[in-house]
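Look for chain A in each of the two complexes below; its partner is chain B in the first and chain C in the second.
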Partner chain A sequence: MTGGFPVRARQELGDAQLRRNLGKATTAIREKRAHAIAELPDWEQLRDAGAAIKAHALATLPEQLERLEAAVTAAGGTVHWARDAAEANAHVLRIARDHDVAEVVKVKSIATDEIGLNEALAAGGIDVLETDLAELIVQLAGDTPSHILVPAIHKNREEIRTLFEGTIATDSLSSDPAELVAAARSFLRERFLRARMGVSGANFGVAETGTIAVVESEGNGRMCTTLPEVLVTVMGIEKVLPRVQDLEVMLQLLPRSSTAERMNPYTSLWTGVQPGDGPREFHLVLLDGGRTDTLADEIGRQALRCIRCSACLNACPVYSRTGGHAYESVYPGPIGAILTPQLQGLDRAPTLPWASTLCGACFEVCPVKIDIPSVLVHLRARVTREVESGRTPEALAIAAIGQAFRSRRRYELAQRLARIGRGPLAMRIAKAPPGPLRAWSRSRDLPTVPEQSFRDWWRSR
Partner chain B sequence: MTARQEILDRARTALGPTPDVPPIPRDYRAGGAAGATGDADVVALFAERVADYRATVHRCSESDLPAVLARLAGSRSVVASPRWARLLPGVAVTDDPPLSVAALDAMDTAITGCALAIAETGTIVLDGTADSGRRALTLVPDHHVCVVHAHQVVASVPDAIGALEPTIAEGRPVTFVSGPSATSDIELERVEGVHGPRRLDVVLLD
Partner chain C sequence: MTKVRITLFVTCLNDTLFPGAGRAVVELLERLGHEVDFPLEQTCCGQLHGNTGAQEDAVALMRRFVRVFSDADVIVTPSGSCAGMVRDSYPQLARQTGDAALQDAVAEIAARTYELSELLVDVLQVTDVGAVFPHRVTYHPTCHSARVLHVGDRPLRLLRAVRGIDLVELPEARECCGFGGTFAVKNAETSTAILTDKIHNVLSTRAEVVVAADSSCLMHIGGGLARQRAGVRTVHLAEVLAAR
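Our next item is the complex of A and B:
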């Protein structure tokens, strides 16, 4: 483990270009989103329904997964179960090898980023090509995604032009986004047409019918899920929806919350295999990867309702300054701060629950009403209880305060000591205390202790 | 223990013996609440919203249709879904038997119908029938001409999902198309035309 969020955030904040790119992008998308939502008179009712649909699906998860498996199988697909990343990657690699595939085209999928599928396939000798424009940029740059929806949000057009000229472009380019997009199109086109295996994630999986939904903009998702002979979808088990009808809610909530559009350009729904139309073989890999652990936490489990819209990232005053890399996870921003520690284990990401001011902007924009601030506070308590030894300065201070509050005599003694502590020397120490206490005082002022306590005043009245 | 059994067991343990299963409040505008299918206002809204995506809308009567389609096809090579190829004899190749990907890639324009269209979101919905064509047909050629009858235009997303439920239950693939392909991945500036068709013409039949 590195120094965690505080250390990475400090580094990222030093990058003025990054802050400009992020500030511009998040401000623009926030304004667009507010406009897209104001258009629907029943937005709040849709949020209530969306939250309940996901909560319902999670509360009945075992049953929904069994229904989904049965429906996919009945429609000619094959379902594989994966306890963890290694098992999921092994399924995909085995399917590729079974078909002698050397190259795989891939739709943007955070679940596959989470399990490190690209690296696992590459280690198995299989080339993986990211086909979403931003994912391609990230892949070509040897970088990692920094936003759920716009993984290359940290790069501006000039940086992308330089990158493309050094990699996929055959000619020199201008920094006009249309020209950069055209370069990516011609690079990927031939690869789409010859691809024999596609890999996707899933936005939703409908238990009732076994239908998988992929929501996208560029058409790369349609290419990858339609043209290859073999399609493999890696889906986190929390993406299941009980009924087809639930799509009428989700397909309104997701586009307006994520890209701030009335509808994204393409949504593909497919069910198993359809003779004469699309892949001849369909595999669904159902991934646990810490999700059942998350489900066991009654407060924390609401993080599994997330539909990956990224509205909370754009709304967050912390994310919009530090960017996604500071979170050191494929799930950045407020949702990442509650999802990553739960999926990976609190000991792997113990600083993330503090990567927030608890201002509540994330909760306000969340289309499925995840109370992120409450989960953050809950996880802070869990980290303190379960991970930290009880010997941190904060834990010791709180323990001392607990002792002081336990008897009237000790409490009043503590008050008198605090008043003595108001002297000039004591104040200087309090402003820049020695050792580990400095981390606490750097961003906080000590309140002034009054001359007379309420108790003393009451007695002397 | 198999992975399947272990995951299901872990989920059951996590939820406990009596998980609280919340009811789903569906107080949002249900199907039918946002306007009647094929209603003049609904159709007008559809035309307006499609145009917002920088797709082109052509409104015409049934009798003008062949001329409109011929004009949109121009001198380009055209492939059409089985039903629509019949309307353009000698102009369009029929995707029946299905063309190879390479042959589709050589085509400039694809002409199809649709299953229905959604006014509020400016969406056309394709369902893999002889009318809509299979998925690759409306994906590989760079120009898609989609014919929509006014009576196919529903008001809202709940109207559409309600109408599509039998199709989805049958296992047919369904594709929602809202404007030409697009990306906002570079500084969130929208660029039309990435991997899907770069041009979308919607012919709206009154």
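Our next item is the complex of A and C:
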């Protein structure tokens, strides 16, 4: 572990180009989303329904997963269970080797980023190609995604033009989006046609029928799920939906929250294998990866309702300044701040629950009503208790203030001491104020402690 | 309107650092013909502790709050976030203690706790409080007032009725100011980046006064404005409404 979020954020904040790219992009998506949801008179009811569907699926998870396994198997697919990243990667690598595959085309998938599948396959001698345009940009740049939905949100057209010219483009390019897309298209098309194995994630997996759903904008995902002979889907176990009908709600909530569209351009649904159509083999890898542990936390478990729309990222005052890399996880932004510490363990990401002002903008836009601020506060308490054991200088200062607040006599004494810059409530403009106040006063003046507290005035009147 | 007995929860921050906000609430409510009570046993609602992971302290301070304010008919506080703590966080915190009596007491006290603009508009049913404030003002609707309490346009309705006021809309008003309690020191750089944009929006209005209903956010915005010698001051909503 490095210095965590505060240190990475400080670095990212210094990148003026990043700030500009992010500010423009998040503001634009945010405004479009507001329009898209304003069209629906029943948006709030849809959110309630979405939250209820996911809560029910999670409450009955073992049953739903068994139904899903049975349905996928009945439809001619094969289900593999993976406790963690290593097991999931091993399944995919084994399937690739069984078919003697040297090259894999991928649908944009965060679950596979979470387990580091590309690196694992590469280590096994298999070439992996990201086919989502933004994921391709990130892969070509040797970079990591910084947004759930728009992985290259930190890059602008000009940066992408330079990147393509140095990698996939055969001619020089302008920064016209159509020209950039055309360059990627001709590069990818050839790969789609020769690839024998595709790998995808899943937006939803329907227990009732064994149907997997992937939503996307480009159609490149559908190329990967239909052209190769073998298709492998890596799905987090929390993505299961009990009924096909549940898609009615989810497919309204997701596109409006993510891309601000009424409907996303491509929704691919497949159920096992169909003779003469699409892949001849289908494998579903069901990934736990800390999800069962997360489910055990009564307050924290709501994070598993997430449908990866990224509305919370775009709405967040912190994310929209720092960008995604500061979160040091494939799940950035407010949802990442509650998901990463739970999936990876609190000790691996103890600073993330503090990477929020608790302004509540994330909760306000969440299509499945995850009360992110409450979960953040809950995880802060867990970090304080389980990781730091309350012994940090800050925890001790907070504890001293807590003691002062527990008694009127100690509180009034602390107020009097504060006037001379002493005691737990001290706050005074000084050349070098102590401890945390130094961080405050680097960019903000401190208020002076008035001669008369409110209670002194009250008593004197 | 009949006389209402109102119990003031001034908050530890106002009590210690911004007593003017508390005095303004007392003067305003008494001017409107109501009776104000101030239990001296009150200290802090525990928001600082709750939001910093010190749950044990937060629970102790919640119990203390419930005890100190158990006799109050109506509780008012000049802080959106402290009202939010009592109304939104106390029930969750009480549930975690498993203490059924505490949960009942909290539910009961939460229902009687109001942020100042809610008390005026909903309980006392007044929007014109007879204030005079001849200044160019912009209003920042603080996150917890807007998103936890959902006070909506109540503060703006109160401000619009003030004589002589030149009220100008703050661009991107609902954006956070970047304070966030200990966030302001634990993530000081990010906090400052957010504050810089808030200040940019404030300055674009050419207002001479920024008004909000929470002294913590005002301390943050005001601290940034003062550091930049921007010549714009921060004033609590209560002080504008008490001004004659």
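Keep this in mind: the second predicted complex is superposed on the first by the 396 of 461 C-alpha atoms of A that agree within 3 Å, B and C clash if a C-alpha of one lies under 4 Å from a C-alpha of the other, contacts with A are read in each partner's own complex, and residues count from 1 in each chain.
Throughout what follows, a residue touches a chain if its C-beta (ideal position, glycine included) is under 8 Å from a C-beta of that chain, and two chains touch if they have at least 3 such contacts.
No experiment lies behind these values; they were computed from the predicted model shown.
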Inset, instruction - Quick one: classify A:Trp458 as touching chain B (first), chain C (second), both or neither. - result: second
Inset, instruction - Compare chain B and chain C by how many residues of chain A each one touches, and report the one with more. - result: B
Legend entry - Partner chain(s) touched by A:Ala123 [first = chain B, second = chain C, both, neither]: neither
Inset, instruction - Look at A:Ala59 in the shared chain and tell me whether it touches chain B only, chain C only, both, or neither; answer first, second, both or neither. - result: first
Legend entry - Overlap of chain C and chain B interfaces on chain A (superposed complexes): none
Inset, instruction - Note which residues of chain A are touching chain B in the complex, please. - result: 21, 24-25, 28-29, 41-42, 45-46, 48-49, 52-53, 55-56, 59-62, 65-66, 69, 75, 81-83, 87, 131-134, 137, 150-153, 156-157, 160, 177-178, 180-181, 184-185, 188-189, 192-193, 206, 208-209, 211, 217-220, 222-223, 226-227, 237, 244-245, 247-249, 251-252, 255, 259, 261-272, 274, 276-278, 286, 288, 292-293, 295-296, 301
Inset, instruction - Over in the complex, which chain B residues touch chain A? Could you list them? - result: 2-4, 6-8, 10-15, 19-29, 31, 49, 52-53, 98, 101-102, 105, 118, 120-123, 128, 134-136, 139-140, 157-158, 160-162, 164-165, 168-169, 171-189, 191, 193-197
Legend entry - Residues of chain A defined as touching chain C within the complex: 5-6, 9-10, 13, 19, 317-318, 321-322, 353-361, 363-364, 374, 377, 380-385, 390, 394-395, 398-399, 401-402, 404-408, 411, 415, 418, 425, 427, 436-437, 439-440, 442-447, 449-450, 452-459
Legend entry - Residues of chain C touching chain A in the complex: 10, 12, 14-19, 22-23, 26, 38, 40-41, 43-44, 46, 48-55, 57, 60-61, 64, 89, 92, 143-144, 147-148, 174-176, 178-195, 219-220, 222-224, 226-227
